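Letters are used for the chains, namely A, B, C and D, taken in the order the chains are written, and counting of residues starts over at 1 for each.
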Amino acid sequence: MAELPHAALTAAGRVEADGSAAQGTPVLAAARLVLERDLTLAFRRRGQLIQPLAFFAIVTMLFPLAISPELARLREVAAGVLWVAALLASLLALEFLFRDDAYDGTLEQYALSGQPLTGLMFAKTAAHWLLTGLPLALIAPLAALSLGAPPGAIPGILASLAVGTVALSLIGSIGAALTLGIRRSGVLLALLTLPLSLPVLIFGARASELAIRGESIVAPLELLGALAVLGITLAPLASAAAVRISLE
Amino acid sequence: MSPEGLQAENLQLWRGERHVLRGVGFSVQRGSCLHVAGANGAGKTTLLRAACGLLHPESGRLLWNGQPVAADLPAFHAALLYIGHEAPLKSDLSALENLRYWIGMRRRVTAGALAAALQRVGAAAWSDRPARTLSAGQKRRVALAALSLAPVPLWLLDEPTTNLDGEGQQLVGSLIEEQLSRGGVVLAATHHELPVAPARVQRLELAVG
Amino acid sequence: MREFFDMGGYAAFVWPAYAVTFAVVILNVFWARRALAQALAAARRRAAGGGGAP
Amino acid sequence: MTWTWFHRLGSPPHVYRLARRLTPWFSWSAAVLILAALYGGLVLAPPDYQQGEGFRMIYVHAPTAWMSLMVYTTMACAAAVGLVWRMKVAHAAAAACAPIGASFTFAALVTGSLYGEPMWGTWWEWDPRLTSELILFFLYLGYMGLRGAIEDTQRADRTSAVLAVVGVVNVPIIHYSVTWWNSLHQAPSVMRLGKPTLAGAMLWPLLTMLLGFTLLFVALLLVRLRAEILARERNASWLQEELAA
């Protein structure tokens, strides 16, 4: 019997058939592949990419109609409106973050790839942010202008949403992983995710509000940044654990 | 001398109310194949998923080369390839892209190796078509290409011959034979016969509980 | 006694607060006992009907 | 030797029997303490010089609010133990905690609102503590919703355990953010909820009530824990002997 390929395996386990460990994919490369795959898939279905943005635009449009067309009044609530709309729009896309991967067996392959699942979950969350959070942050200034915010507020609003949506995507990824395998999980996902997102809403809305008033947004932006960093370190761990459990 | 290959001792597993694995045990040496047989619902898939560490039996031991699998799960996972009864393909990606992402996660693959693997399973002609346009048998063949690209020591195959024509089944047979000749281990769950020389196959019959 | 129930004009708040709290306490006791009784009944039914194996 | 107690806590029959033995002790001492605290709080304690007789609501509001947080923390600890050591009994304890905690959080919200009305003049004030309590209530609802949505007990245990741990990490952050938010918006003249300076005859009923509620929680937990163990161990042989006895 040919002994050559697996001779080294007993010791390291990881060594591939040709006997060289260098053939294995490094974690970062694997995470990049996950990211690339999700982005490619999203761009194959471009129509769906627009949906959260359209939702965001419609929700922000509801408020002038429901409250008043007076820009002075709208300006007072603009920050809150932007953030509630962004929170809901980000939530909308979450349900599908892991769903297709769970159905077609991709998640199983991720869990069995020998790569740390935490890193792969982080890559998937990053893709979610690039596809929803970042576009939201980019169109939010337009919505803010339509709600009476001065042009000087644009950088502040952009910055607060860009940082805040990172935290929202991370928190949302936990909720999406927890509700895997549950039928009609949409409402439950909202019930799990929204209370955990409140700090992001509070700090983010405050930052946007200060930006609209033309004041310094440093303090709330730092708090948002802290939340994002905390999320980056902890959320992928939790979603990886939840995904593994969903495969049991 | 520590035993080589995959050993299971007294695996017990409940799924809700059902006692699916009732003290299942086996020992597959390097270079041999375990044919997990049994009727539908006998727990073949459950056993395979437990054997690759996705499911956690309530009691029992699983050893890989004499070491408990749980001691280093990532290393064990890097050493195995599991293919469920549906090939894990994205319907919007082509066969080629699917393979590149799937296998690329585990090891570096060159474009040449990918092309050769697809050629071998007879997929060259349709390797750039989106997976949603492929037939069930064609999807199976893409999964077989993954096997030839990932010569890891342990393969776990759930119904590897389903949906395949006669030639495809022979292909499964020759891939398994190659894996065994390399000193690899194969666990295949199927209620069909395996197209492999019987001398190398052990049979484990699961009963419906 | 009247004075005690009047709670210095706060009766409309004090007594409902106590009522709600102790309603929750009593309900909890009731629910916990019911949960145990139901679980015991289910387990006995199972034990009677075929030695536990489903 | 030192770890045997821990291993025994992982054994369902041991915990089941222990819970049955301990329940009366906790129940009766909780009942005695709560009754004593009621007498002390409603009769013996003098009225507060600012809040008058209204301050007596603190003897129910503070214990329910305390329960809401303590039960959540207990639940998360049990869940974490269950996740890390794959301990069935710990998951059963976490499952037993949720309905108790949710109901007391509800009581804390209602008593807080009743307490607030005469102090603030409105039934609901976005006071940081009440707001945090409301969010905690939603966390409980989410936990129970998730548990209820998953049929397989083992998966429900482990999935909801992840949520409980994530939640307990978040609770301080949520509380901090809500306090921070409130400090920006609140007019300083509005009185904050219930911080009368308590001493002597006013203080001991509160401490007794807190202890009594804690013991009550343990008693409730022990009873529910037995129910949860029964549901999880229905195929075990020890249970057959236990029921036959």
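We take it that a residue touches a chain if its C-beta (ideal position, glycine included) is under 8 Å from a C-beta of that chain, and two chains touch if they have at least 3 such contacts.
Everything numeric here is computed off the predicted structure, so don't read it as measured data.
Trainee: Trace the shortest chain of touching neighbours from chain C to chain D and give its length in steps.
Mentor: Graph distance in the chain contact network comes out at 1.
Trainee: Please identify the chain lying most centrally, where each chain is represented by the average of its Cα atoms.
Mentor: So the chain nearest the centre of the shown protein is A.
Trainee: More C-beta contacts across B-D or across A-D?
Mentor: Looking at B-D and A-D side by side, A-D shows more C-beta contacts.
Trainee: Comparing centres built from CA atoms, which chain ends up most distant from chain D?
Mentor: Most distant chain from chain D: B.
Trainee: So how far apart, in whole Å, are chain B and chain C when each is placed at the average of its C-alpha atoms?
Mentor: Centre-to-centre distance between chain B and chain C: 53 Å.
Trainee: Just how far, in Å, is the C-alpha centre of chain D from the one of chain B?
Mentor: Distance between chain centres: 48 Å.
Trainee: If you average the Cα atoms of chain A and of chain C to get two centres, how far apart are those centres in Å?
Mentor: Once rounded, the distance between the two centres reads 42 Å.
Trainee: Calculate how many whole Å lie between the centre of chain A and the centre of chain D, each centre taken as the average of the chain's C-alpha atoms.
Mentor: Each chain reduced to its C-alpha mean, chain A and chain D end up 32 Å apart.
Trainee: Out of chain C, which residues touch more than one other chain, so two or more?
Mentor: 53-54
Trainee: When you check chain B against every other chain, which residues touch at least two of them?
Mentor: Residues 19, 56 of chain B each touch two or more of the other chains.
Trainee: Could you list which residues of chain A touch at least two other chains?
Mentor: Touching at least two other chains: 248.
Trainee: Residues of chain D touching chain C in their complex?
Mentor: Those residues of chain D that touch chain C are 34, 42-43, 47, 52-54, 56-57, 60-61, 63-64, 99-100, 103-104, 106-107, 110-111, 114-115, 117-118, 216, 220, 223-224, 226-228, 230-231, 234-237, 239-240, 243-244.
Trainee: Looking at the complex, which residues from chain A come into contact with chain D?
Mentor: Residues 174, 178-179, 181-182, 185, 188, 191-192, 194-196, 198-199, 202-203, 206, 223, 227, 230, 234, 238, 241-242, 245-246, 248 of chain A touch chain D in their complex.
Trainee: Of all residues in chain D, which touch chain A in the complex?
Mentor: Its residues touching chain A are 83, 135, 138-139, 141-142, 145-146, 149-150, 154-155, 158-159, 162-163, 165-167, 169-170, 173-174, 176-178, 180-181, 184.
Trainee: Please give the residue numbers of chain A that touch chain B in the complex, ascending.
Mentor: Where chain A meets chain B, its residues are 1-3, 5-6, 9-10, 12-14, 16-18, 23-25, 29-30, 33-34, 36-37, 40-41, 44-45, 100, 104-106, 108-116, 120, 247-248.
Trainee: Under the definition above, what is the set of chain B residues touching chain A in their complex?
Mentor: Touch list, chain B to chain A: 2, 4, 30-31, 52-56, 64-65, 72, 74-82, 84, 86-93, 97, 101-102, 104-108, 151-153, 181-184.
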